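In order of appearance the chains are A, B, C, D, E and F, and numbering begins at 1 in each one.
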Amino acid sequence: MILHVSTWPEIERFLSASKTVIIPIGSNEQHGPTGLLGTDWLCPEIIAHAAEKLAAEQGEPVLIAPTFNIGMAQHHLGFAGTISLRPSTFMAAIEDWVMSLARHGFERIYFLNGHGGNIATIEATFSEIYARYSYRGEVCPFALKLTNWWDLSGIAKMCSVMFPTGHGSHATPSEIAITYAAYPDQVRDVVPDPKIAPNGPIREAADYRARFPDGRIGSDPTLASIEKGQQLIDAAAISLLKDAARFSAEPVPPKAVS
Amino acid sequence: MILHVSTWPEIERFLSASKTVIIPIGSNEQHGPTGLLGTDWLCPEIIAHAAEKLAAEQGEPVLIAPTFNIGMAQHHLGFAGTISLRPSTFMAAIEDWVMSLARHGFERIYFLNGHGGNIATIEATFSEIYARYSYRGEVCPFALKLTNWWDLSGIAKMCSVMFPTGHGSHATPSEIAITYAAYPDQVRDVVPDPKIAPNGPIREAADYRARFPDGRIGSDPTLASIEKGQQLIDAAAISLLKDAARFSAEPVPPKAVS
Amino acid sequence: MILHVSTWPEIERFLSASKTVIIPIGSNEQHGPTGLLGTDWLCPEIIAHAAEKLAAEQGEPVLIAPTFNIGMAQHHLGFAGTISLRPSTFMAAIEDWVMSLARHGFERIYFLNGHGGNIATIEATFSEIYARYSYRGEVCPFALKLTNWWDLSGIAKMCSVMFPTGHGSHATPSEIAITYAAYPDQVRDVVPDPKIAPNGPIREAADYRARFPDGRIGSDPTLASIEKGQQLIDAAAISLLKDAARFSAEPVPPKAVS
Amino acid sequence: MILHVSTWPEIERFLSASKTVIIPIGSNEQHGPTGLLGTDWLCPEIIAHAAEKLAAEQGEPVLIAPTFNIGMAQHHLGFAGTISLRPSTFMAAIEDWVMSLARHGFERIYFLNGHGGNIATIEATFSEIYARYSYRGEVCPFALKLTNWWDLSGIAKMCSVMFPTGHGSHATPSEIAITYAAYPDQVRDVVPDPKIAPNGPIREAADYRARFPDGRIGSDPTLASIEKGQQLIDAAAISLLKDAARFSAEPVPPKAVS
Amino acid sequence: MILHVSTWPEIERFLSASKTVIIPIGSNEQHGPTGLLGTDWLCPEIIAHAAEKLAAEQGEPVLIAPTFNIGMAQHHLGFAGTISLRPSTFMAAIEDWVMSLARHGFERIYFLNGHGGNIATIEATFSEIYARYSYRGEVCPFALKLTNWWDLSGIAKMCSVMFPTGHGSHATPSEIAITYAAYPDQVRDVVPDPKIAPNGPIREAADYRARFPDGRIGSDPTLASIEKGQQLIDAAAISLLKDAARFSAEPVPPKAVS
Amino acid sequence: MILHVSTWPEIERFLSASKTVIIPIGSNEQHGPTGLLGTDWLCPEIIAHAAEKLAAEQGEPVLIAPTFNIGMAQHHLGFAGTISLRPSTFMAAIEDWVMSLARHGFERIYFLNGHGGNIATIEATFSEIYARYSYRGEVCPFALKLTNWWDLSGIAKMCSVMFPTGHGSHATPSEIAITYAAYPDQVRDVVPDPKIAPNGPIREAADYRARFPDGRIGSDPTLASIEKGQQLIDAAAISLLKDAARFSAEPVPPKAVS
C-alpha cells in the first residue's frame, strides 16, 4: 500500500491489521558527474516500492509513506542542485512526521535510509523524540528504527562481489545502478577522471569541493549498470520485508512508569 | 528539466541560461472518502511536470525541483494517514530549501502550491527569510513567489464552469480530477454521504473532525473525472509557464544598502 | 472594559458573564511622509476602544486587552522608526498571549488587526497553537479569530466611496484619517510627491525602499481628514461589536477526542 | 518626541541630532485588589511621557518609543487578566526591538523598566545580543541600558519617606499612586485584608497564589494617593532625563576587533 | 555524597532521606594575568566539596552534583581560553539538568554559583522552568534556589576585612585566594599593572577588552593568599550547609491547581 | 596544559605554538550497581589528563579543555542520578564551546568521547556547525574531530584480551576499571545478578528500565580491576597523543569560496 495514493478510510482499515509504516528517507545532493541528484532518496523509494509490490503479490501488504526527500547534505552545497536541511531542521521535521503517524496509532515506524550523512541526525532525532517521554517518566507508545538500504541483509556482500574495487562511499556504483535500473532513460555515459575518486574526511562544503573536485568519494560509477541495479533492488526488497516483519513482531517488555 | 534526475554539472549549465527554479509544494492529508492522501502535493507535481515537458518540447527548458510533499495540515490529523509539519518546522524547512538554492545562484524561486492551509505559513516564511537581509540593511539576492495552482490564470473560471455546484474548498472535484488523470488506476467509486459536504471554520483536529465527519468541506468529489482532470492539467501547465516566465523577466529596481 | 485599567477581581467577574476578549494588534512602521509610525496599531486600538465605550453605554460590556503594538514589518525597516518582530518571534509572542488568556478561561480570543503584513504570521500562529492539541488528539478549549478592521462589515464600501481613487494599500487615506480623528493635533500638512504612490511587490527592506521611495504604496494620503476618520471609527466600532458577538455566540460541535 | 505619533522623516531628522531612544517596558499582571493590571507598563510609560514633555519644554527633545507592555509575569498567571511572555519569547522580542532600532542608527537604547520580574530576562537578553558580536569578534555599534523607575535618583528615598511601612514589593503604594495620578478616574476604594500583605519567595503561579492570596506582596496599597503619585512622576521624570543624558554622553573606548 | 562517584542505587537510597541536591555552577573565563581560567567554577566546586566532607563527618550527608562548568561569559571572549554559552543555550542546559533531577524526585535544587555574569540568565531560566507549570495551572513539584558563594552568610564581611581595598568585581583576590588554597601549585607571581584595575560597564567582548586591557575589573589580585583562601573556604562551607538546610526545611503552602 | 588551571596569557602563548585543543566529553548516567554515575565523563577526563602529563614530560605540551560532563542520556533517566541534555540542547552547547574556542584561533578541536549515546548527536552538531559556512559558501577556519576512547588505537584489542566474555556495551568492565584505577577508594564490591546482563535495543527510559533492570547491557563489571584500569589508561594516553598529533598535522587542501 502506497500511503499517498490511498484514502484515509483505507489507512484506517490497514491499521486494524498492522501498526507498521515504512518511510523511505534520503537526500537530494550531487552524485558526481554521472549520478542523479535524487540518487539518495530515489534508492530507498525504489526499494520500498518494489517491496510493497512484492508484499501485495504475497497477500501481506505493507504500507509505504511518502518519501522524505531532503536530508542533511550541507557538505554537498558546493555543487549545484544540492538541497539540504540543517540538522536542527531535519530533526524537527522527522519529529513531526513521527508524531503525525503515532497520532494515528502506528507503533512501529521504520525509516529506510539512502544517505550516510543522514544517519547521525536521524539517530539524534530518535533520542530527541524518546526524550519527550523519558523526562516525564512516560511510556512511549511506538518504536523507531533506522536501516540503511546497504545494510539490509545480503546487500553488502552482493556489492562487494559486483564491485570488488571502486565502490567507494559517495556516488557509488551500487546506488547509481539502482537509479539506472529504475530510470533507464537517465543513464549517463560520462567517464569521470580519475576513474576512481579520492578519499578523505568530510567537513564543510568548501573543504569538500577542494578535496573531491567532481563530488565523488572513492568510487568508480562507470561500474554501474541497469542489470546490477535490478539485482540489488530485487534482493533489497526481499530483505526489507523480512527486516520490517521482524521489527513488527518484536516483543515489547512490560513497562512500568516510574 | 527535472532536478532530481539531473546531474550537478547539468544544473550548473542550466544556471548559465536561467536563474529560475520551480518547487511543487503541497501537503499529505486526508481528502475525504475518495481523494488520495497525496492529492495536495501530487497536483502541483503533476502540473509542474506537465509544464516541464511542454517547455522542453518548446525548446525553452524550465527546472523543477523535487516536490516538497509534507506541509501544514494540523487540522487533518484526526484522519489516518495525514502527515503534518508544525508551522514553525515548515518555516525552517522552506528556509533551508531556499538558502540551498540561493547558494547555487538561483535568483527566482517559485513555489507552486497545492494546499490552502500552506499559504499563511509559506508567506510568513518569505518574510522570515527576507528579514535576515532587512535587519542588516542588506540586499537580498533572490526573489520568492508563491502561486497556488488554482490561482493560475484561467483555472478558477474553468473550475466554475466544470463544477458550478459542489466544488467546495477541501477534497474538491478539481483537485481529485487532476490526481485521477495522472493516476487513472486510483479512481475511487465511493459515493460520499451527504453528496455535498458541510462548510465551517477550520480550527484544531478534534474540532475539524466534529464539523466535517468524512473530511470534506463543501465539496462533491463525485464530479471529478479523468477527462476534466486532464483539461485542468493542460491549462494549468500553460499558465504556469507564462507566470514563471513573467517572474523570471521581472525587472528589479536598483537597490541601495542603507 | 479596558483590561489594563481593571483589577484582577474585576476580570474574574467579567469571566463569569463572558468568555470573549478582543486584542487590538498592529505594527509600528513608517506610513509615508504624513502618516504616523503607530498608525497600524493605533487604528485597531482606536476602534476597539470606541467599541468598548459604545458597549458600556449599551450595558453589554466587552473586554479589550492591551494593544499588541509591534508586529511583522521587516519590509519597512529601511525607514527610520520602524520596529519589527521576525515572524518566528511574533508567533512565539502571540502564542504566549493566547496561552495566558486561555489560562484564565477565555474561550473566544478575537484579534482586531491593523496591518496587512501581519495576517500570514497571525494565521500561521493560530495553526501552531491548534497543532499543540491536534498532535495529541486533544480538544482545544478556545477558538481564535482574526479580523482586519478594514474587513469589518461596511468598511470597505465606505472607503471606496470616500476614496474612489488613491486609496492604495499602504499609508492609505482611510487609516491615516482614523489616526487624525483620534489625534487631531497630529495632522501633517505635507503634500507627497507623486500624489499617488507607485505599486509593486513587497520583498525585503532594501527592495522596498527602492520601489517605494517615500514609503507609500498606491496611496494619496492627502485625502485623509478628521471627519472621514471619525465616520470610519463610528462605523467600525458598531461592526466590531456585531462581529465579536457572532463569534461569542458561535456554536461549537460536540468534539470527541480520538 | 513620541515615536508612534511621529513620521519617519521626523525620526530621521531626530537621528541627526541624537542617537538615543528610551523604551518604556513593563508587564501586564495582577496588582492586588486595588491595583490596575497595567500598572507595571503604565508607570514607565507615564514617567517617560512626562519626561518627554519636560524635555520638549526645555528645547532638548528626547525620543520615547512605544511601550513594551507585556513582560515576564509567569508567577502571576494564577490571577485573571495577567498576560505573560515566557522568558525565551521575551528575549526574542527585545532582541528584535533592539535590532530594529539599531538598524536606524540608534546607538544608545535605554529601557525604563516597571517590573522587577523583568530584570533578569532583560539583562540576559542584553548578553544574548552582545554575544552576537562577541563570538565573531565584532564591535557592537550600540549600547544598552536598563533602569527601573524606582532606581532613578531620589525615588527610593522619596518612597521610604512617603511610605515608611507597607511599601512592600508587589502592588506597592508607590506604583499604584503613579497610575492613580495618571488615571484619576481609576482609583479603587477597596481595603484589602490583611492591610499589609505577607512576604515570601516567588516561584510558579500555583505556589504564588497559595502564598499571596490576593496577589500583593508585603504592601499596603491604601497608602497610595493621586498627590503622592504626581510627586513621584515629577521627580522621576527629572531623574530620567538626567540619567538618559549621562548615558548619551558616556564616552566609548576605542575598540579593536581582535 | 558526590553524585558522580556514587552509584544509582546509592542515590536512590539518598532520596529516601533527603530530596535536596546542590549544583556548583560557574564559568570558564579569563581572570586576569594571575587568575585561573576555571576560577568561577572551581570556587563553588571547592566550597561545595568542602561542605560535603564536613557534612559527612557530621553524619548528615549532603549530595553534590557534578559541576556545571561553562556559563555565560560572552564579554570575556576577547581573552584566550574563555568558553561561553549564549544565554539561550545556558537556559536550555540548566532546564535539562533540573528536569533530569526532578525526574528522580529531587524537590529542592540548589545552585551554588561562582560567576556574577550567570545570575540574570539562571534567574530567567528558573522563570522559564516555572512557566511550564504556570501556563498550565499545574503545581510545580520542586523549588529552585540560586546562591552566589560570596553572598553566603558571613563571606562578604570576611572579604571586606581581608581586602579593604582592591577587592574589585572581577578577578578578585577572594576568588583567586580560594583557587590558590585548593590548587597551591597553581599560584602565579605576576604583578599586574596597574595594581588596581579600572572599573566600568560590561558590554560585548571588544568593548570589554578596550576598557579592561588585562581582564580584571577593579581588583588587586596580588592580595590573594593560600591562607586567606582556606579561611574563605572553611567559612563558606559552613554557611552553605546552613543555607541548604534552611532551603530543605522550608515549608511549602498547600497549593491548589486553578 | 590543563586549560582551567591556566591563565589567559598562558593560553595565548600556547596558541602561538599549537592550534589544537582536546575536550573530554561524556555523560553522567547510571552504570549499573557497581559503576559510578560519572563513569562516562571520568574516563575521557582521566585519559586526557594522563596524556597531558605524558606530553608535558616529553616537552610537547597538549592542551586539555574542561570536561564536558553532561551528555545525551535520555534512556538512562529511569535510574536515579542520571542527568541528561536533550539532543537539541547538547547540540547548542557543543556549538557554543566550539565557537568560543574557534574565536581564540583554535583550528583543530578534538573531542575525546566517553559515551556511545553521545556519538550521533556530536556528529550531527559537527554538521550543524559546518553548515553555517556551507550555506554561505564560506571557508570554515577550523576542523572538528570525534574519537571515542575505546576506538583509540590498540584499546579494542586490549579489552577483548582482558575481557573475552562479559564486556558488553554498558557498564562495561573496561570503563569501570578505568574509574577504579583513578578513584581506588570508590571500588564497589557488589556482585550483580545475573552476572552477565541482558542485551537489547535502546529506546526511551521506561523501555530501557524494563529491559535492563539494573542498568547494565551485556556486561559483567565484576571483571574490572584497578590494575586493568591502569593498563587501559596508560595505553589510551599514548594513543590519544598520537591521534591528536596526526589530526594537528593533517594537511588542509587549498579551499576556494564559490
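Remarks
The working rule: contacts are C-beta pairs under 8 Å (C-beta built on N, C-alpha and C of every residue); 3 or more make two chains touch, one makes a residue touch a chain.
In UniProt terms, the chains line up like this: A, B, C, D, E, F = Amidase.
Note that the structure is predicted; figures quoted are calculated from it, not measured.
Considering every other chain in turn, the ones in contact with both subunit A and subunit C prove to be B, E. Following the contact convention of this document, C, F is the list of chains adjacent to both subunit B and subunit D. Among the remaining chains, the Cα-based centre furthest from that of subunit C is the centre of F.
Between A-F and B-F, more contacting C-beta pairs join the chains of A-F. Because subunit B and subunit C share one sequence, their contact can be compared position by position; here over half of the interface residue numbers appear on both sides. Farthest from subunit D in terms of Cα centroid separation is A. Centre to centre, using the average C-alpha position, subunit E and subunit F are separated by 25 Å.
In terms of their C-alpha centroids, the spacing between subunit D and subunit F amounts to 47 Å. Multi-chain contact residues of subunit A (touching two or more other chains): 77, 84, 86, 88, 100, 103, 134-135, 137.
Pairs of chains in mutual contact: A-B, A-C, A-E, A-F, B-C, B-D, B-F, C-D, C-E, D-E, D-F, E-F. Of all the residues in subunit F, the ones that touch subunit B in their complex are 134-137. Subunit D makes touch with subunit E in their complex at residues 72, 74-75, 77-78, 84, 86-88, 91, 117, 119-121, 123-125, 127-128, 130-131, 133-135, 137-140, 143-144, 201, 203-207, 209-211, 250, 252-258. Considering their complex, residues 99-100, 103 of subunit C touch subunit E.
Residue ranges on subunit B touching subunit A, taken from their complex, read 3-12, 15, 28, 30-38, 41-42, 65-70, 77, 79-86, 88-89, 92-93, 95-97, 100-101, 103-105, 183, 186, 188, 215.
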